[in-house]
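We just call them A, B, C and D in the order they show up, numbering each chain from 1.
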Amino acid sequence: MNNQKDPDMMQKIKVRRKPFVVGVMGGHEAPQEILEDARRIGEAIAKRGHVLLTGGGDGVMKAASEGAFKAGGLVLAVLPSDRVRPLAGYPNAFVDIAIYTGMADARNVINAKTPHVMIAIDGGWGTVSEIAHALRNDTPVIALKTPSIGLPHGKRLIASASVEDTLAQLDRLLSKPL
Amino acid sequence: MNNQKDPDMMQKIKVRRKPFVVGVMGGHEAPQEILEDARRIGEAIAKRGHVLLTGGGDGVMKAASEGAFKAGGLVLAVLPSDRVRPLAGYPNAFVDIAIYTGMADARNVINAKTPHVMIAIDGGWGTVSEIAHALRNDTPVIALKTPSIGLPHGKRLIASASVEDTLAQLDRLLSKPL
Amino acid sequence: MNNQKDPDMMQKIKVRRKPFVVGVMGGHEAPQEILEDARRIGEAIAKRGHVLLTGGGDGVMKAASEGAFKAGGLVLAVLPSDRVRPLAGYPNAFVDIAIYTGMADARNVINAKTPHVMIAIDGGWGTVSEIAHALRNDTPVIALKTPSIGLPHGKRLIASASVEDTLAQLDRLLSKPL
Amino acid sequence: MNNQKDPDMMQKIKVRRKPFVVGVMGGHEAPQEILEDARRIGEAIAKRGHVLLTGGGDGVMKAASEGAFKAGGLVLAVLPSDRVRPLAGYPNAFVDIAIYTGMADARNVINAKTPHVMIAIDGGWGTVSEIAHALRNDTPVIALKTPSIGLPHGKRLIASASVEDTLAQLDRLLSKPL
């Protein structure tokens, strides 16, 4: 168990009671520039005292988790796999608490319903499914460099072109009742 | 139970052994023209001896089911609801066999994984999630009057503009190994 | 695809419209005597014109499916796996229509919610989970040679010691409004 | 949002990195004596630095959450409901982080797969399903005053008659590699 093997990870972190949960969704592979965006966003989420939620895998998920983890934030992951049938790369090394579902793609629905705000970064069909589930469930989505989807976006799907803009939108969304 | 109340529905139907399952996905509301497309496609699916799979609700789901049911086809539906917590309109009157999940949006994943071919007609975010899950799972999708999604479509997502074209694509896909 | 490869399986079957769905649940391994019970029950379900639902795997699931299939019945299976990540033995050779979930154990919930009556035969923890989910959802359960569970059984959990008794209870349950 | 309304809940808590997750499962109704057991167990889990996971509802779930929350522990809950279709009593007032699934009973599977150890207290069919799913997935279960289940228990299902015994078993299980 990681619990036993990483005594140096036992440093304490501080979590705000009833924190906001911010989801960061994206592919398990991405260009370096995208990974750096994800890492910076994860770091900024932790510094704001929010909990980070990802799908727990590689690529964008891992980069965001690393950013939050190293900044002392709490990192949750909803995994497609379980302990009996593990999946390579899940959870990544920067996950504090892993939620095991064994439900494969159906865990995308949980990723979409749980966060107070979802940030989608780049991504493929899995990320598109998470955006769609989020919007069906009134979870606001900030889409950073994500493929456009030809549906009326409405006020809950916000396109973003930079980390700075993404964080400004996040702060705006969380500054008022969702 | 419908079983008891509809003796005149007890007429026999014929189902081919190991039939193809064709999914028809779309919104619970749609313009009349779209509903007529859905009805015609359901009818054509039944006449080819395929089993129809829908989400079991109103709108496109009901229109396709009606077309298939009245043509003597077998109509399956994977419902978001269950018997203990029923949802108005589920299953619609043209469902032969209802699969109860109680899983809300997570049933979209089953709708996407089960059919040999999925036909998406019009639709909103729920339909987009089903298209995305299908393409993640290598289920071919014929998209009739569905919003474009700005990702590389690849060979498994086929845009269609008419019922005739949709059926030609369906026959082509099912004529060779999937 | 099986569809193409088994032309001799293309014989027609007859399914009653809005049929009853009877679930048969049990382990993927079982003694020969239990498998023979399962086969006979599957056969009897088909001869009554009901649709058989199983988990689609080996052991009790396969034996019941074989009984129903060879008697000309329609056999459905809700699989824990999907086409992209297939699981050895799923679906077994006697499944007409496979519902792919990819949800591992969560598909047990669907097995429990969908049938009008569930027959549990022998079985391990997976079967116990299906019995528990069924009773939570008011699905009547006939338990044939299944481990007792130390909860008040109530009228919906019926212990049975023989195939004959199981079928008598099934007919009784389906003869009146569920 | 609770986040905004409870500024006095914003006190900081300390969570050990890569903590153990201990699940406490039980019914949404229970006698007072059982609730007191649950509260004491939740409190003890928090004092050991473990994260508490429950189903997020009333009864045993709420009592355990209250015990852990008031002792400064981190309380997670995997809910059957979601924000769009809320369910009365979910999440209870002592949940720090709610995982929304909208999957009804299928969330029991997640409750069973996620914790390093599950403690079942009293409970009905829902709890039985969680015990069964846990044992299918090699999650150790300590069953306090829970109905016996007539299957070979094996080493992973441990009957307990008191809070003290339950905690002794918990400490023993977490003192060695799981």
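Here, a residue touches a chain if its C-beta (ideal position, glycine included) is under 8 Å from a C-beta of that chain, and two chains touch if they have at least 3 such contacts.
Because the structure is predicted, anything quoted here is derived from the model rather than measured.
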{"item": "Both-way neighbours, i.e. chains that touch subunit D and touch subunit A", "value": "B, C"}
{"item": "Same or different contact residues where subunit B meets its copy subunit A, judged by the half mark", "value": "same"}
{"item": "Higher-contact pair (C-beta pairs counted), B-C versus B-D", "value": "B-C"}
{"item": "Between subunit A and subunit B, centroid-to-centroid distance (C-alpha), Å", "value": "32"}
{"item": "Euclidean distance of C-alpha centroids - subunit B vs subunit C, Å", "value": "24"}
{"item": "Separation of subunit B from subunit D, taking each centre as the mean of its C-alpha atoms, in whole Å", "value": "39"}
{"item": "Multi-chain contact sites of subunit D, meaning residues that touch two or more partners", "value": "82, 101-106, 109, 113, 136-137"}
{"item": "Complex contacts: residues of subunit A adjacent to subunit D", "value": "1-4, 6, 9-21, 51, 74, 76, 78, 82-84, 96-103, 106, 109-110, 113-114, 116, 136-139, 177-178"}
{"item": "Interface residues, subunit B side, partner subunit A - complex", "value": "103-106, 108-109, 112-113, 124-126, 128-129, 132-133, 135-137, 147-151"}
{"item": "Subunit A partner contacts - residues on subunit C that touch it in the complex", "value": "82, 85, 101-106"}
